[in-house]
Each structure stands twice: as C-alpha cells, then as structure tokens.
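Structures for review follow.
Both of the next two complexes hold chain A, though its partner changes from chain B to chain C.
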Partner chain A sequence: MINLEKPEQARSDGRTANQLRPMVCSRGLLERAHGSARWQQDNTIIMAAVYGPKPVSGKKENPERATLEVLWKTKSGIAGNTEKEAEVTIRRTLEYIVLSSMHPNTGISIVFQVVNDDGAILACAMNAACAALVDAGIPLNGLIVAVSVGVSTHGVVVVDPTKVEEKNFRAHVCLVFPNRPKCAVAGLPAPVGGEPAEHGIISCVTRGAMSVDEYMTCLERGRAASVKITSLIRNSLEHCQLLQVVGVEFGAVAGSPVPGEAFFAIAVLLGP
Partner chain B sequence: MSAEEAPASASVVKDVVVSSMEVEAFRRLFPLQYIERYLDAAVRPDGRPLGRARPTDVVLGQVPTTDGSALVRLGNTTMLAGVKLELSVPSTETPDQGRIAIDFQMPPICSPHVRPGRPAEDACAINEQLSNVLASSQLVDLREFSITSGKSAWMAHLDIYCLNADGSLLDAALLASTAALMDVQIPAISINDEGKVQIINFREDQDEPMVDAEKVSETKRKVVDKRRLKLGPAPVAVTCMLYKNHLLADPTAEEEAVLHTVVIVVLDSPDNLISLYKPGGSVLATTSTVMDCIAVARLRLKEVHRILEEATKREGED
Partner chain C sequence: MEVKESVQTGSVSPLVLQIVAPGDIVLDLSKAGKVVRLGGGLRQDGESVVVTRAGRLRHMQANNKYWVEGLQKRYVPSIEEGVIGVVADRRFESYSVDIGAPSNAILPILAFEGATRRNAPNLQPGAAVYARVVRAHRDVQPELSCMDVSNKSSGFGPLKNGYIFECSTGLARSLLSKPTCPVLEALGKRLSYEIAVGLNGRVWVNAQEPSTVVAVSNAILTSEFLTPGQQHIMVSKVLERMQ
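Moving on to the complex of A and B:
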C-alpha cells in the first residue's frame, strides 16, 4: 500500500511507516544448546543459543552472581569493533532481566549467529536472546522487547527499517523496553514520572544524526510498535507448554521437556 | 579520585556514619552507601554538584611528530590524541573523499582493570562509538582530504591513547579527537602534471623546500600550500549516570563502578542529537530522564565549545 498522496513516505517494500515486517519466533531448534531461538523479521534472521549456567574459572567467576558472556558470529568474515560493541550492549541489556544472583560462581553464554542481515539486526538479536533464555530456563525477572525505528531523509519516522533503508536513512535507533505486565519478582516498579514501567528505556543505540524532536517521535513510535511485538513474544511462548510458567516462575522450567515446537508467525500491523 | 579530598567533605558523611568508623574505611567497605550519602545531600564525593562536569583542560599540539595532536584532561581522565596524514588512493566508490581510521587504545598504564594483550572490550566499544559519532556528525567533511579526484587523497590516522582512565572515557576521547583534528595542518604538497603527489618537507635549517632540483626542472609542478582543516560544529559527548532519582554528569571511575546505569548523549548543536547510547543498567530511562540528560548535554556543549575556542586561541598566540 504505497501512499500516493505523500510519495516521500512510500517505502520500497510497500509498507506503511508504522508497519512491521512479518515476524517468526521459533525455539528449541538446537539439540546441544540448553536453550535456543530463531528470530526472523522477513529477511533478517538471527539464531541465539544459550549455554549455562555452567562452571567457569578465573576472572569470569563471581561469587555473588552468574557472569554473562555474549558471542556474536557474523554471517561471514571476522568480528570487528561493531560486533564487539553489539556484544557489550546485549550483555548489559540482558543483565537487566537475568536473575544472575541465583547461580553464583557460574557462567551463562549466549551465542548469536547471524543468518541474514536485512536491517534491525540488533533488535532481532535482543528478542532472540530473550526467547532463548526462556527456552534454556534461565531465571529471569521479566522479558524484554526490542524494536528498531528509522528516520528517513525527509524526516519521516518509520518502524522496522530494512538494510537498504538503514543505509539511505539519516538515522536509525534500536530501542529496548521491558515487557512485564506479569512479574516473577514481588514489587513491580512503580510508574516513574507518570509513565508506566514498560515505557522506560532499558537500552538505546542510535546511528546517524537526528533532531531531539525526531528522537522523541522515534521513542513514541517504538513504544507503540513494542506493544505488538510484546504480544507476539507472549503468544509464541504461550503456544509452548511454558504457558503456565511464563511470568510466574521461569526458574522452574530448567531442562524443559518441551522440544520447543512453538512456532508462531504473524504479520503485525500497527494501523495507519 | 585522590584520598586527600575525602576529609574536606567528610562532614557530610560524619553525621550519618558511625563516628568510630573512618571515612576511608567506610568508603572501601560500603562504596554504594558511601556515594549514596553524598547524593542524598545533592553533592558528589569530589565536591561537585550532581550535574556538573569536572574541570576540563585542552592543550593542542603536544606531539610535534604528528600533523595534529591534543592532550585532554577531564578531571583525572587523560587522553592523548594524534592525527597522522598519509597519502593514499581513494576508493572507487568515493573518489573525491579521503578516509579517517580511528584507533582508540587503552594500554595497561591507564587502569588496574586493563590487562596487557588483546584490546579490552570497553576499548572496542568506545572505538566503535567514536567512529559512529564522527561519521554521523558534520565535523569532518571527508572531501576536505581529497587532493585529486580518484587519484590521491589523504588518509588520516586518528590515534587516541587513554593515559588515565578515571571515568567518562567517551567524553574525553571525543574531545581529544576533535581537538586533535582542529590542530591538523595538512602539509604542503606538489603535484606534477602526471598527477604524482609529493609531500614538501620544510626543514628548520633550510628555507627551500626539499624537492629534488632535477625533478623540478623536468616537469611542471603545482604546489599546494599547507592549510588548516575546515571543520564543522564539534560534537560533544556527556556521560550521565542514573541512580534512583539522581542524575550525575561526568562520573568518575569510582562512581561508574558502583552505579552501573549510564546514558551517553552526544550533541553538536543544541537541537541535533548525534548519538544517544544507553547500554542496559538497572535504572530505566523515562522520557523525562532523557530530556534531563539532553538538557545537561546542552549546557556542557556550550562549555566545551568555549574551552575549545580558548585552546585554539592559546595555540595561535604561542
């Protein structure tokens, strides 16, 4: 549906500015990993595998909590600084949800394999990691939801940009919000400054320059889009037998008997 | 963070701490509570108000072997940046542009947490953010580095060394990079009619440029004088630490180790956001927190632009 009245708002793949690409989240695909997930957003596909809690030694061992380790494998070539930065960002984001103090002296590794990058790869990785952690039965205090938003050269804010759009656009942002209408830990954080907790930003990575107002618009669109992705993640998890467990006590499903047949595809429309 | 500063502001702590426990012991045993006591009194352990950055000092032209260099001190955080220019062939995709290669290094001298060997994770992340900021901002127009389109261009190696890592590393590294680029003097070159480019070296004991006399007579040459690099508005980074309802600008390493949640805002004009980076942390940033961070960055932007201006003026006088 190309917007004929405003040609500068038209997107190459015919989506509207607020339209996400079809998403698929499947879990438990890898036999040897303790938990795994594959997140697909049209042509962007990434796999995440979680190993642990497992013994670690040396500098990585912490007597108070489990240490997280993130490894990012590119589709081809060797990892450079971009990948290293993604690893740092993802690790620090996941530290927000992993109840690491439940497994002191251990390590949890999360390995990403990029299958294909067609934009919004960091957001996809965050969502995949979250699903893989649930699949591995790592105790979490909630879920996260990541969304990518771009600002075109005309100043139009669009959600979920493709690789080509990211390249041509002035800027794009990856935003991560908490996803916790239900919570495993007592005492939900109270609304801060009149905003519900799920509007708070856990992580934010920007590329390219934009005005402050454009950033605020991105934030608003990102929050709207995150509601849709939230429901997808929850639906996907609930299609598994994890239904009763999600949001109540993730810890109890360690070594989940479910092979993870959960497979859920949905084309998400945010409306005009 | 020096030890002698603690007694000066110890009175704040004294009221609430068991008086028998020494401040220094309390600080080591309960670092979080130590900082918390200060924050409740709206002051930082080093005596700053919450939203103020540490005293900043920029000196240009510290390394004579480079084409441009700067030494930056942000409190105790010290960065040395140098730019080396090298002749190269531009890539076919961008024939009329030069290139900048950024290398941020954290040698073991800078902090007890850095081990020799492979570059630290933090160093890689800061390097990536620096490249990202310089690519997104209008500071350097890469066409400035072009000599002849498609044939030759300057390749700038921007190296930043962290000499003392005491928090807010990106702020200091970006300031050092910007200052070093401001100090850059593109050397004089001569271009012959075949398009071959040669750098003209002036030696102190010689007034004449060091070009082979024979070659000069052989071919006609075009000489381009040395010049300064034209730069756009300088991007300025501010690291903001979030803890409970407090917002701390420009944290020290001690504060960073305890408080965790960080938001880095980079602006190059009051309304142009170059980067907003928040990697996780236990505190969520709401819209109002983001606006507060941007407000702090706007204040700092003005301050840093003034500091840079003064540094160039001082350099011009010398």
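Moving on to the complex of A and C:
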C-alpha cells in the first residue's frame, strides 16, 4: 500500500513500490518474419522480429555455430551509442540461451522496433526477444525473464520504473534471470551453490550508483517480480499454442488483426 | 499462477500432451526403462530429456518416441519428409533446389525414376518438384530424391502447372494427418482437384478450372485456426460463393 506518512514513497502513477505495470505479450503478429512478439508494459511498447536460421556469407559465417545479429530501430531519429550498447547487451544475453551449434553456417537476425519508450525499455526488449525466438522455433536451452528495478533519491527500491522515474532516480538496473522450467524430474534443475537455479543472473545492466545493500534489495525485488512475469510468459505461450492447435472461435480474439494472435494481460501486485 | 509440478512416477513423462517451453525437463532416462526415441524439439542432457522448441509434447507408445509438435514457419529438413522445392540452379550432375530451409538442397539429376545419363528430366530454374529428403544433417546441404526406397517415383517428381502457396509447417502437417483433414475431405466431396503437400510449408494445388484452384487454396489457408465443425461450415460457404 502507499504509505501516506512517507510521501517520498508515493509514485506519480499511484503504484506501490512493488507493483508492476499491466503487461501484454502477443506473439506471431508479423506475417513475413519467422517469429515475432510484442511486449507492452503500460506505455512502453516494443516489437521484436526474428528472421532465420538463414544463409549468411562472408565474415559472418561460422562453421561451428549460428551467428546472432541484433538490430535496434528507434522510434524516431538515428541510432546512437545507447542503442548500439543495447544491441550488444541483448546479443550477448541471447547467445546464452540460443543453442547456436544446432544450426552452423547460418545467421539469426533479431530486429527491435521501439513503439514507445516509457522506461524499462531494455527489460521489455529482452522479454520480447525471448518470446519472438520461441515463436520462430529457434532451439533454445531455456527462457529468460527480465525485470527493471530502480532506486529513488530517498533510497526506496521500486520495481518497473517509468521514464520520468528513471530520470529522477539515483540508479536503476535491468536484471535478467533464467526462467523456472516445468520439470518432470524431482530435484531438477539442480540448485547451484545451495540456491535454486532461477536465482542466477544472466545479465545485469546498471545505470547510476547504488550501495551493495541497495543492490541486494533490487535483486530480491527483481526475483519476486520475475516469478509473476514467468507465469505471464507461460500463460501467453499456452494460450497462443492452444489457440493454434485446437482452434477457437474467432470471437475470442475479436479485433485482432491476425487470426491466431494471442493476447494475454495481467496487472500484478506483489505483496506488501 | 504457480507452475504445477508433476513428477514422473512411471516410465512415461507426465507432461505428454501438455504445452512445453524450451528448457522444460520432461523425462528422467534412468527411470524410463526401455529404449527412448527422441524426435524434433528435444535433446538429451545427461540423464534427462530437455525441450528446445515450444509446442505440444507428443508420445508414441508403440516405439516409445517423444517429439514436440510446434507451429514454426521456418522449415528445418528432416530425413524421409516430403517437401516441395523450386529449382534455383542447374549444375553438372545435380539441381540446386530451394526448399525454404537455411540452405538450398541438392537434387541429383539421376534421382528420378528410370533416369539415365541420356534420359533424365530436364528441369529449368523456377520449376517445382515434389521430393523426399534423403540426407539431412546440420553440417552439409540437404539432399533430395524423387524416388522412394524401392526406386519407384510413387508420386514424387516435377509438378507441372498448378499453383503453389506457402503456409505454416503446422498446417502442412495437419493436412497430411490421418484420418484425412476435414477441409480436404469436405472439398473433395464436391470438387475434383490434385494436391501435393510439402512438410516445408508449401502446398501445390491443380485442377481443371482456375476457380477450383482459387477456392481450394483459400479454403485451406482459412482452415488453419478452425475446428473440424467450423471447417465444414467454411467449406460449404466457399462452395456456395463459387456458384
């Protein structure tokens, strides 16, 4: 709940510190891409399209593995250093989950189009990319969940900051965790160093400065939020696959431009 | 929602017929007992079987085979699958054929029924062929053949005339399923047409009248997300409009 006695904890959009924005994940929207996804967190919207595995030539061709290529298209203007950095971060993160040795001598392109940026854009891009790779059927060794967490000037840790909050905050961090898989075997995935495997960090991009304690709090809040996002990813995938395999009334996706496109939205409140 | 945990007790995975995502662990090989065969979308990681592609986990009791049925657009060749290819280039002893896979496939000039050095079909770039994948490995180009194992054509060969359209690999698979796909059955009752379905998501349709070809292709493309009942209604509407 919003603590009225501590006005510095209140957020401009009325959310509590642990509350995520409503999220929507839609898959398979683009006709020509091999896989695509749109990830929305309220006003932050990003589209990801995956092309491949496709033939590549020259320097990019690797006889051992598939080459990943990430392109970031801004909403307007030309791509600068921030976009270049995002491309590299995303590529390195996705290289961790893509089983690139399954398709040697080929290339996989991932193209992002920012529809609107209202904070947490990198986390949204990671989630969109993961959904698009799944939609394209690229072999993966697991899924990822990305969460953005910020630290305000008063030292309050807040999940899923908006653009304005990111600007005013002392620091914010984009955390990428492995997704907890469904498991039919007891005791798997094996815990690492006494902690569950999904507590590992795949990527962490920090902006600004924060203390170690604040970082640990961010990590804890990020993990709690990632559980909710994981279930959204699962639900949206099952919904999308069920829709396509069993076939449902078109009315269920009324207003959607493409049949088979699946919408799934949640608004989440993580405990006090 | 918590991810429901269902732990394997018998030799069969409890996730069979469920939707699985990459990274899901479906089977413990030490408990599975007899030989387990893994199809597309699964890989072995030590003692466990891990999913690599999203879709529905399927299991065939007869030969204890597991595979994942997804709806990908991109085709990855697999041995013994029938595909529709377009000749891209002609080389000295083979054709280079585009089958929608990461690289072009090779179709040897002599891989046709009764073909000899002197008498082999002469295909031009752009010609369509229905062929069988005889070699599929990630490190080499896929190889095709227009003959079955006993060197008979059995339906494979150049596709003359007709119309080719692309669909998802999932739709192609459902068109080939047994019992016959409801949309093809309903269309076949009223119209006469020829069809060849490639598992690479290409469908070739031919008929006497161009209007039949158009109706059949449209009906097939619309059928992807419909239930069998809806498919029958849709086909009867398409046929009504034709008259």
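The rule we apply is simple: the second predicted complex is superposed on the first by the 242 of 272 C-alpha atoms of A that agree within 3 Å, B and C clash if a C-alpha of one lies under 4 Å from a C-alpha of the other, contacts with A are read in each partner's own complex, and residues count from 1 in each chain.
As a working rule, contacts are C-beta pairs under 8 Å (C-beta built on N, C-alpha and C of every residue); 3 or more make two chains touch, one makes a residue touch a chain.
Given the structure is predicted, the values throughout are model-derived calculations rather than measurements.
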For A:Met216 in the superposed arrangement: first (chain B), second (chain C), both or neither? first
Chosen between chain B and chain C, the partner touching more chain A residues is C
Just to be sure I read the superposition right, which of the two partners does A:Ser109 touch: chain B = first, chain C = second, or both, or neither? neither
Is A:Gln41 contacted by the first partner chain B, the second partner chain C, both or neither? neither
Who does A:Ser100 touch here: chain B (first), chain C (second), both, or neither? neither
Quick one: classify A:Leu237 as touching chain B (first), chain C (second), both or neither. second
Is A:Thr82 contacted by the first partner chain B, the second partner chain C, both or neither? first
Common interface residues of chain A - those touching chain B in one complex and chain C in the other: 178, 189
Within the complex, chain C is touched by chain A residues 34-35, 52-55, 63, 97, 99, 102-106, 134-143, 178-186, 188-189, 230-231, 233-235, 237-238, 241-248, 250, 259-260
Within the complex, chain B is touched by chain A residues 81-82, 84-85, 87-89, 91-96, 171, 173, 178, 189, 192-193, 195, 197, 199-216, 219
Touching residues on chain B, where the partner in the complex is chain A: 121-122, 124-125, 127-129, 131-132, 136-138, 263, 268, 271-282, 284-290, 294
Quick one: which bits of chain C touch chain A in the complex? Just the residue numbers, please. 1-8, 13-15, 18-28, 41, 43, 48, 50, 52-56, 69-74, 76, 102-103, 138-139, 170, 224-227, 230
